[in-house]
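The first chain written gets the first letter, and so on, giving A, B and C; residue counts start at 1 in each chain.
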Amino acid sequence: MDPEAFLDVANQVVKLKMFPYFDIAHCVLCALHVREDLGAGAQQFSRKHPMACWLSYMLVVFAGGMVANGLLAEPILAPLKNTPQLIVATLVWYVIFYTPLDIGYKIGKFLPVKVVCSAMKEIYRCKKVYDGVTHAAKLYPNAYLIMIIIGTLKGNGAGFTRLIERLIRGVWTPTAMEFMQPSFYTKSCLVASIIFILDKKTELISAPHALVYFGIVIFFVYFKLSSILLGIHDPFVPFENLLCALFFGGIWDSMAKIFGRGQIKEGESKDAKKTN
Amino acid sequence: MDPEAFLDVANQVVKLKMFPYFDIAHCVLCALHVREDLGAGAQQFSRKHPMACWLSYMLVVFAGGMVANGLLAEPILAPLKNTPQLIVATLVWYVIFYTPLDIGYKIGKFLPVKVVCSAMKEIYRCKKVYDGVTHAAKLYPNAYLIMIIIGTLKGNGAGFTRLIERLIRGVWTPTAMEFMQPSFYTKSCLVASIIFILDKKTELISAPHALVYFGIVIFFVYFKLSSILLGIHDPFVPFENLLCALFFGGIWDSMAKIFGRGQIKEGESKDAKKTN
Amino acid sequence: MDPEAFLDVANQVVKLKMFPYFDIAHCVLCALHVREDLGAGAQQFSRKHPMACWLSYMLVVFAGGMVANGLLAEPILAPLKNTPQLIVATLVWYVIFYTPLDIGYKIGKFLPVKVVCSAMKEIYRCKKVYDGVTHAAKLYPNAYLIMIIIGTLKGNGAGFTRLIERLIRGVWTPTAMEFMQPSFYTKSCLVASIIFILDKKTELISAPHALVYFGIVIFFVYFKLSSILLGIHDPFVPFENLLCALFFGGIWDSMAKIFGRGQIKEGESKDAKKTN
């Protein structure tokens, strides 16, 4: 592929307008997520408690913005001020939950539709991460941790509001914390945030911004599709294991085990040398 | 009744000063609510944990303002800045919980006292809903959903903070979400918010503002009193059932049932026609 | 001791720079707290879930600032904007959790180290309470309750975020509310806040500000050390019992008991007289 044409495509991806098509794709996947989270009783629940169903769905749709706003002292409800977006979201919810004979749901679950929606959602996610990092960088130009947190939350807000989302539906699952077993989305948003910060704040990445952005979009879409189509779920696992082995106790713990209790003195003197 | 005199009364109701009498009525009912929520062990609890008791009571009293502020990025503690109001609230709490031989509680529960307090609280509630809608409309002139949410929360904040209120007292009841089974107050505040928005933003309601306001006050007081005196609890139920039957699956589900599995093809083609 | 020299010392304590030594002491104790809260499985947990471990530790370290900011509509994440402080906190966490053969943890738990850290943390705590009261007083010059709340939260934030801290680690203990059984820290921060307010807003305390501040520091350090070394846990208990007996039902309840059901009429008339 011609590098210039490639850069052109990248520039166009950066400037993509999100409303309404990408919003619809995002909403479809959110509605499917809520419906699957409800399990077998989803249809009954949606008939009995339409308000709780709609509210928890809205929380999922606008999770990233709401949580990020809450943490940055901006109005939590602000993402709801865009009335056309609200109407689109509500229509999608209605179609997925209430169409006769569940046609809406069946279409949404139809593999090609799901694949297209997922790809679009990943493009949207990348934009959200980038917006989050940029916004945080404007507020706190030197607070890298805040940029990472906001970028990650904007990208995968729904993961972090899952507890509240379920609580709205009267279900409480305290062990389902995202922090305990971060999903692939959380990890990839975290990595994307770090890359955006490196691109913005340092000279380490010499590629033009559009290319960096496009690269992350491709990464997001590629792994999403391979997750749906091939069942590969988390390419970060080997890196994590390596990191844990190197820094979070793995090596030291094994060494302590090898030397055992009998040779504890030797082990201690060795370790003491290393900590100096 | 003379229409002009009626309008005069309405105008006076709009301008009613709330502090201190309406505040006292509100506080009395909040204290009774906390005490009843504590059940049989209320007195013992208030002796052992006065601080938790007082804090959860304060949360109930100022719930609407606090939650609305939290969602609009205004200081959650701001409702506590009015020291005279705080002192009145604390005194009411003391009288209901700690007077000798429980005289305060018995007076508060005495039917005529309760009726008067309830009527006053409903007038107060109407003012809060109106203030909430107005405030949200100032911040987001086109965000109707935000106005409705803030109006409803200001009107029936205590319903939405119940989980936190109980948590302060060390009790966790995740299934008691207001969204799952919205109380009559939530529904009526929602309807009142919508009417206020129609009055403010559209030309649909031609009556003068004072009359609209007064009408809602009468509606609130009337249903509150009929709930206390006659045991009518929720005049919205028939409308809800109708709504559910029309829009949230009722009809389609019944049709799908009637046509059954045997004639599923016919049903599908029929539905397909209707969705066009 | 020479009074002037004493005032000199007091003035120096007021102006003490907190970063980095006091921060380190604070972080060490926070890390020990998280580790002890994890119980026997602490080491395993820190190996399996380093992110949840780190996040819940960070919440403990910055609890006071975050909660106070959340309640005053300031950015909850703002305490994380200070990157050097973050790095120090992360290093301390790493040393306590991951050093080979647990040397970091063992050093942290070594009594003399713990005593020094505790004393430093109490000096830090006093500064935080004072800063909290001052900050709230700037925002709401007449809202004494808000000043007390913010002062107490800044001083003992970790007590109030315990539920969230545990939730991040996937554990939910709704009965562990600080309000139900306030710890000594909460009570002493509350008292310190009230003294600071009296010093700032009234003429009741004629001593110079530095002396008042120093007095509170001494009080904090003294009781912390006596708690570690002598096992005295809560010098407020007798005062609380007195308060409860006087104001929160103690006397009235006993009297009602003494007069009993048989003489209830007499009791009632007596009480009625007293309430006049």
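Here, a residue touches a chain if its C-beta (ideal position, glycine included) is under 8 Å from a C-beta of that chain, and two chains touch if they have at least 3 such contacts.
Here the structure is a predicted model, which means the values were calculated and not measured.
**Student:** Thinking of each chain as a vertex joined to the chains it touches, would you call that graph a line, ring, star, complete, or other?
**Tutor:** Shape of the chain contacts: complete, all pairs touching.
**Student:** Quick check for you: after a Cα superposition of subunit A on subunit B, what is the rotation angle, between 0 and 180°, in steps of 5?
**Tutor:** In short, 120 degrees.
**Student:** In terms of residue numbering, is the interface formed by subunit B and subunit C classified as same (over half shared) or different (under half shared)?
**Tutor:** Result for this pair: different.
**Student:** Roughly how far is subunit B from subunit C, going centre to centre by Cα mean, in whole Å?
**Tutor:** 36
**Student:** Please list all residues of subunit A that touch 2 or more other chains.
**Tutor:** In subunit A, 73, 172 touch at least two other chains.
**Student:** Taking the touch rule as given, give the residues of subunit C at its contact with subunit A in the complex, in rising order.
**Tutor:** The touching residues are 43, 46-47, 49-52, 55-56, 69, 73-78, 80-83, 86, 97-101, 103, 167-172.
**Student:** What residues on subunit B touch subunit A, complex-wise?
**Tutor:** Counting only subunit B, the residues touching subunit A are 70-73, 139-140, 142-146, 149-150, 163, 172, 174-175, 177, 179-182, 244, 247-250, 252-253, 255-256, 267-268, 271-272, 274-275.
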